[in-house]
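Let me begin by handing over the structure; questions about it come next.
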Amino acid sequence: MVPLSWYLVFAAALFSIGMFGVLSRRNAVAILLGIELMLNAVNINLAAFWRYGDVRLMTGQVFAIIVFAVAAAEVAVGLALVISVYRNRHTVVADEIDMLKW
Amino acid sequence: MSFWNDPLKVAADWLLGVFTGWGMPELAANILIGFLGILILISLLMVLDIGLVWVERKVVARFQDRIGPNRLGPFGLIQPFADIIKLMIKEDITPAGADKVIYNIAPMLSMMSVLILWAVVPLAPAILGVDLNIGVLYIIAAGSIGTLSIIMAGWASNNKFALIGAFRQVAVMISFEVPMLATMLIPTILAGSMGTAAIVEKQDIWYVLLAPLGALIFLIAAIAELGRAPFDLAEGESELVSGYNIEYSGMKFGMFYAGELLHAFTFGGFWAILFFGGYRFFGLEKVSPFLAIAVILFKAFIGYWLIMWVRYTLLRIRIDHMLAFNWKFLTPLAFTLIMVTALMNALLAGAPAWLYIAGMFLSNIVVAWGALEIARFYSRRERERIEGKQVVAAGH
Amino acid sequence: MNPWIFVGLFFVVGLLIPVGAIGIAWLLGPKKPNPIKQSVYECGIETVGESWVQFKAQYYIFALVFLVFDVETVFLFPWAVKLGALGLFAVIEGIIFVLILVAGLVYTWRKGMLEWA
Amino acid sequence: MTGEQIVFLVVAFFTLAAGFMVVTTRNLVHAALWLVAALFGVAVTYVTLHANFLAVVQVVVYIGAIAILFIFAVMLTRRDMRDQGPQMNKNWWLGALLAVLTFGGLYFLLQGWEGMTKTATSYPVSFDAISELGSALVSPVGYVLPFEVASVLLVAALVGAVYVAFNPRNGDTRK
Amino acid sequence: MTTETLIWLIPLPPLLAFFLIVLFTNKSKALSHTIGVGAAALSFIGSMVVFVRALGVEHLGESPFESAVNWLPTGDTWFRIGVLIDPLGAAVLFFVAITILMIFLYSVGYHNYGQPAGDHDVKGLPPHGATITDEHGHKHVVPSVEPMYSRFFAFLGLFAFGMYTLVVSDNLLTLFVGWEIMGLCSYLLIGFWYGKPSARDAAVKAFMTTRIGDVFMLLGIAFLYSATGTLTFREIFTEETLHALASTPAWFGMTTSGFIALLLFIGTVGKSAQWPLHVWLPDAMEGPTPVSAMIHAATMVSAGVYAVIRMFPLLTADYTGHGLTVTMSIVAFIGAFTALFAATIAVAQNDIKRVLAYSTISQLGYMIAALGIGAYVAAAFHLITHAFFKALLFLGSGSVIHGMEHGVLHTGNHHVDPQDMYNMGGLRKKMPITFWTFLIGGFALAGFPLVTAGFWSKDEILADAFGHGHLAVFVTLAIAAFLTAFYTMRQITLTFLGEPRTEEAKHAQETPWTMTTPLIVLAFFAVTYGWVGIPEHFPLLGGLVPNWFHEFVGSTLAEHPEAIEFNPIPLLTSIGVAGGGLILGWLYYRNVKSVSEDKFQIPLLKNKYYFDEAYNFLFVKPAYWFAENIVYKFLDKGVIDGILHAFGPFTQGTGSALRNYIDLPVINRAIGDGSAEITYWFGGKLRAIQTGRVQQYLMLALVTFIVIGAALYFFVLA
């Protein structure tokens, strides 16, 4: 049997990889890709805790589903912002979007 | 238990005996048996696919008042095999600027997305690949992989036409996925399960009687999902040459082509499963599993034939009309239908069967009629607006 | 035994068959590439510019609307499965859910975002 | 080492490798496709956890919708930023350090927790997680409010995204 | 529907109305007021049903309607919020529901619904009137409809939601939430005509002043929560909890309960405009009159008193029956002092609404004083009767102003202040309904013996003060009562009696039915509500009707308060001061023809004891002064430049050598430029982290998070 720790460490690793992407990529779309990885890592934890706890309590799965919705909303709005910035400033490099306004 | 009553189990048991006799652990033997079974199923499907090439060509010929393949073998039956050989020995050209890995993966994914669909097709009672309790969603999930393969093919080809074709195709596929998902909810509501096997088993009354409008919307969405006429704008020979697969040749093109045909046939099957009782036909399925398989294949063929009929009869629709049709008509209609179905289902829960059927059927008809009236009203207004404008323009 | 093993097998076989077919074709077919053969096919006319054409933002809009509807419809599946056992209250909840969804569609529609042009 | 463990390790390794490619590969379309691979790996992880519904939803939502959206967005914005030029900002080493520290910290914290080595009880045979999920989502004592709020959230996201990206007043759009 | 469910639902319609109006019906005036009044009516019906059901319950005090849900998980326990209707709540709900509905209805007429839009009206200013042409071709100026009509109803709805929340909540936290919503709404509504600088200033003043009290109140709530672990009234008011609180000493010689009660009371001082935080209320008259009535009579200021009544067990937890506790003494002092102090100011005010504003402050002081001496029922009784007659008076004054504005529009002389009582006179013939209802309200306020509600409630307070031997309070309140009667009669005489003093007053007009109906309804209650609380031992009348109010509201407390023995002295005092004040007021003011003849225009009173000026001098000016002198002139010009300048002559005197060696390098460079350079250097260094790049922010946040997390782990957990 796979112990819980494997899932948690796996999720932690995926989370850290995603975080690296968020912190280090220059392209705003790539940053959002990193965020997706982080959200997925969280979801693995939720599903693992559901499975390793009492399976009749659906909290973990419900939470994971809500995270799906949040991820969808995040992608929709995030990419819309990127496209909006691109149309106005012709750049998608996060470092160049530092005016805090326009 | 005789072979004719449950062939799958008998064969599996026999093979299990053989393999464990060789000293194989039981789990490994089971997996091996599954592998063999799936290999056989998929090989048969590929053969069927080759047959579909002939059927398609023959049928289109009849629709277009031609004869179709007639030289090789009786009725040209050998023709598709000759085609296969030709595809096999053709040179495989990869365009210069292509992204090689993705370019090569795309056709395989395209074929795979169709083949894995058969995991949840119940061929007869107790004969199906896997009885997943999320079967309906699995169909959509497999479709997602198909969508992905198209965008990969279009992007990797390094060709404007391919990319535009892929984009259009994907836009259409994802758009029509919404009404499709929505209409898949209807059998789910009626059967109380997402499993395809359970949906078939619960269909004492064919769901087409309970949700005729749902069946119709599903068929339309499926045709769009398949990218066949009248929704085949990705191909658009006159403007995009052939769409996303323009740069493909040889067997890779063959994969897209065969995948498309099999996909159409498979969706004919799903239409039968979700709305026409699957392998059930007035108790015939209980006689023998082979009869049940024959029934579902027959129903799938009818669905496939209908799809072909539509394809070779109607003209291609422009992309803006098509998306407008989906988002402004089909999607709201599908969601209205879900609400009505759920509501009627709850309200008629305790009613006698005839009342239940009549209620559901009539509610569908009323929704369809209302939708058509509203559409007619708006299109008339639109037409008057445009014509009014033209009159003004002419006046100047 | 987990039924998903067979799903995995379907994936494996589903990949093996096309891989095999393409592999055989690759073995059998001639391999004589030349630049003309490998050039981009645009019906024989020389290609102009790069294949990276600017796309309409409308594609993104439809993908966006699709994403939202996809997620929401997927949410409805557990609801649909349990609907028979839950009664009218659950039906009304689902209807509210769908109506909120439709409100989003109406907004997008009214904003003219569903127009292709 | 049992079969399950092997499967898990293979999937986890594949997912992490794909994730690593997502954050390091230069070509953004490739990054998006690697993301698809990583997300597929996560879907398989859900399967190993018996979370069927989550697994298909993962494929339908992430691969079928979110990945497509990403690819569309890349195609719409890629004009000025080809694969040339640095893909990492100049503080990437700090990001890497922080990621490693986060992982180390999480590992350290988890290690000290007694629940770590817990193994799952066998999955109840007749347990129908989907139908449980259905009742959890709509029952008043369950999660009906999050369920409805999720709908509101998504509609808000739709409205917001449409407004932000394609408001005609919001830039030189719609030529 | 169970009563508990109904109670939950009562606050919701106005909130829903707020959102509906703001989001959807903003454009339609008719729809907006329909929704607003409809919502108020729904809440009203709900409240009445609850009230009637509450009457039917035996021992409602012991087993009130209550229902609670888990809200915030606090470790192992839950913070629960819920609703509670006990006798006090029911009685308060009754008057709140009626007055809110009446005020909603009144607003329709007040904002000239149905009139044309004004010619030059702009948002943020009161409407100026519109010119219409009748069928004969004559041009008339008629009142024009308020440009922000819908917004007004939205705000009123939110306000009503806050008040209902406050009344039905079973714990201090949701009470505070309702309290703060009302604070926000009062800011929005006082500043409704934001185009007027005076309205803007008044709104800010009201908001800031009440905030001072609210901060203390929040401190009190936090203290209470940390001391008891709960904020639910019925859990706090158990014998053990109260005893524990009362026996724990806190600071300044007070017990914990006394200290908490004092903190909460400061919140009330702000909200109910008690001295020394009373200054905002008169200025708040800048808002539309329904707002004045809503905020300053029926609801918000009453809410302050209501909170103290609610917390009465806490206030008296350490009260043994002889000798007031420190907190109670403070409360009693502030109440009595405010009552007298505000009454004296009211005598010298000429603005019809300002008189009422000071009168409100004074009457609230009455209630506070009553609570300070432990007269629970009397305070609650006066709270309710006062709400009825003060709402009536405010709405009546609004009606008068409205009528006067009609006159102003007629003559076209916009320099005439329609709110100045010296511009009125003789309005009884022009506006009979307004006159009679105003008269009833005024007499109730003055405490006209036997028939009016004000008499019974005021009398009970005086009797309580006398009966318990708090003579100082008794005398102060009696004087205040006399003044009350006096200025009330002054107001009535100047406004309605005699002959019109201006052309405008001659052309004043009675107001539409939407405005007069509320007046009549409120007038009814202003008279009759007193009869439910006639003391049993009252001569002749006592015992005719049972002293229902005392029994009913008194049962809220665990120990039912004893009714006071009848004593003729307070009764006679009460009748004497009321009658005397009224008669004197009439006798004096019937002969006063103009402001100059008014002998009571004493500058000290006229200027409200210079409190605004004093606060300006004590707080506002110093703040400006600090900014101007300390920060700007002293630190910047004085210290930095000044050092240079001061050293200049000195170095000139001692020679340029010193200048070159000390001034330039040390003072100028090191201190003068040096400090600037250090600042610049720090700025430059800090600017590096303010790049606008979101990833760097994230990194910084993460670094901080990891450092803090690690530090926490190693130093706290490990």
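So that you can tell them apart, the chains are marked A, B, C, D and E in the order they are listed, and the count of residues begins at 1 in each.
Just so we're on the same page, a residue touches a chain if its C-beta (ideal position, glycine included) is under 8 Å from a C-beta of that chain, and two chains touch if they have at least 3 such contacts.
This one's a predicted model, so the numbers in the text were calculated from it and none came from an experiment.
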{"item": "Chains in simultaneous contact with chain B and chain C", "value": "D"}
{"item": "Other chains in touch with both chain B and chain D", "value": "C"}
{"item": "Touch-connected components when chain B is not counted", "value": "one piece"}
{"item": "Interface with more contacting C-beta pairs, comparing A-C to C-D", "value": "C-D"}
{"item": "Of all other chains, the one whose Cα centre sits farthest from chain B", "value": "E"}
{"item": "Chain located farthest away, centre of chain C as origin (C-alpha)", "value": "E"}
{"item": "Between chain E and chain B, distance of the C-alpha-averaged centres to the nearest whole Å", "value": "69"}
{"item": "Between chain B and chain A, distance of the C-alpha-averaged centres to the nearest whole Å", "value": "33"}
{"item": "Mean-CA-position distance for chain E and chain A (Å)", "value": "49"}
{"item": "Distance from the mean Cα position of chain D to that of chain A, given in whole angstrom", "value": "6"}
{"item": "For chain C, residues that touch 2 or more chains besides their own", "value": "4, 7, 52, 55, 57, 59-60, 63-68, 70-71, 74-75, 77, 80-83, 85, 94, 101"}
{"item": "Contacts with 2+ other chains: residues of chain D", "value": "50, 52-53, 57, 60-61, 64-66, 68-69, 72-73, 75-76, 78-79, 89, 91, 94-95, 98, 102, 129-130, 133, 137, 150, 154, 157-158, 161-162, 165-166, 173"}
{"item": "Overlap residues in chain A, where contacts from two or more other chains coincide", "value": "19, 22-24, 65, 68-69, 72, 75-76, 79-80, 83, 94-95"}
{"item": "Touching pairs - complete list by chain label", "value": "A-C, A-D, A-E, B-C, B-D, C-D, D-E"}
{"item": "Chain D-touching residues of chain E, taken from the complex the two chains share", "value": "695-696, 699, 702-703, 706, 709-710, 713"}
{"item": "Chain A contact footprint on chain E (complex, rising order)", "value": "691-695, 698-699, 702"}
{"item": "Sites on chain C touched by chain D in the complex", "value": "2, 4, 7, 52, 54-55, 57, 59-61, 63-68, 70-72, 74-75, 77-83, 85-86, 89-90, 93-94, 96-97, 100-101, 103-104, 107-108, 111, 113"}
{"item": "Residue ranges of chain D in contact with chain E within the complex", "value": "89, 91, 94-95, 98, 101-102, 105, 109"}
{"item": "Parts of chain A lying in touch with chain E, wherever the complex brings them together", "value": "19, 22-24, 31, 94-95, 97-100"}
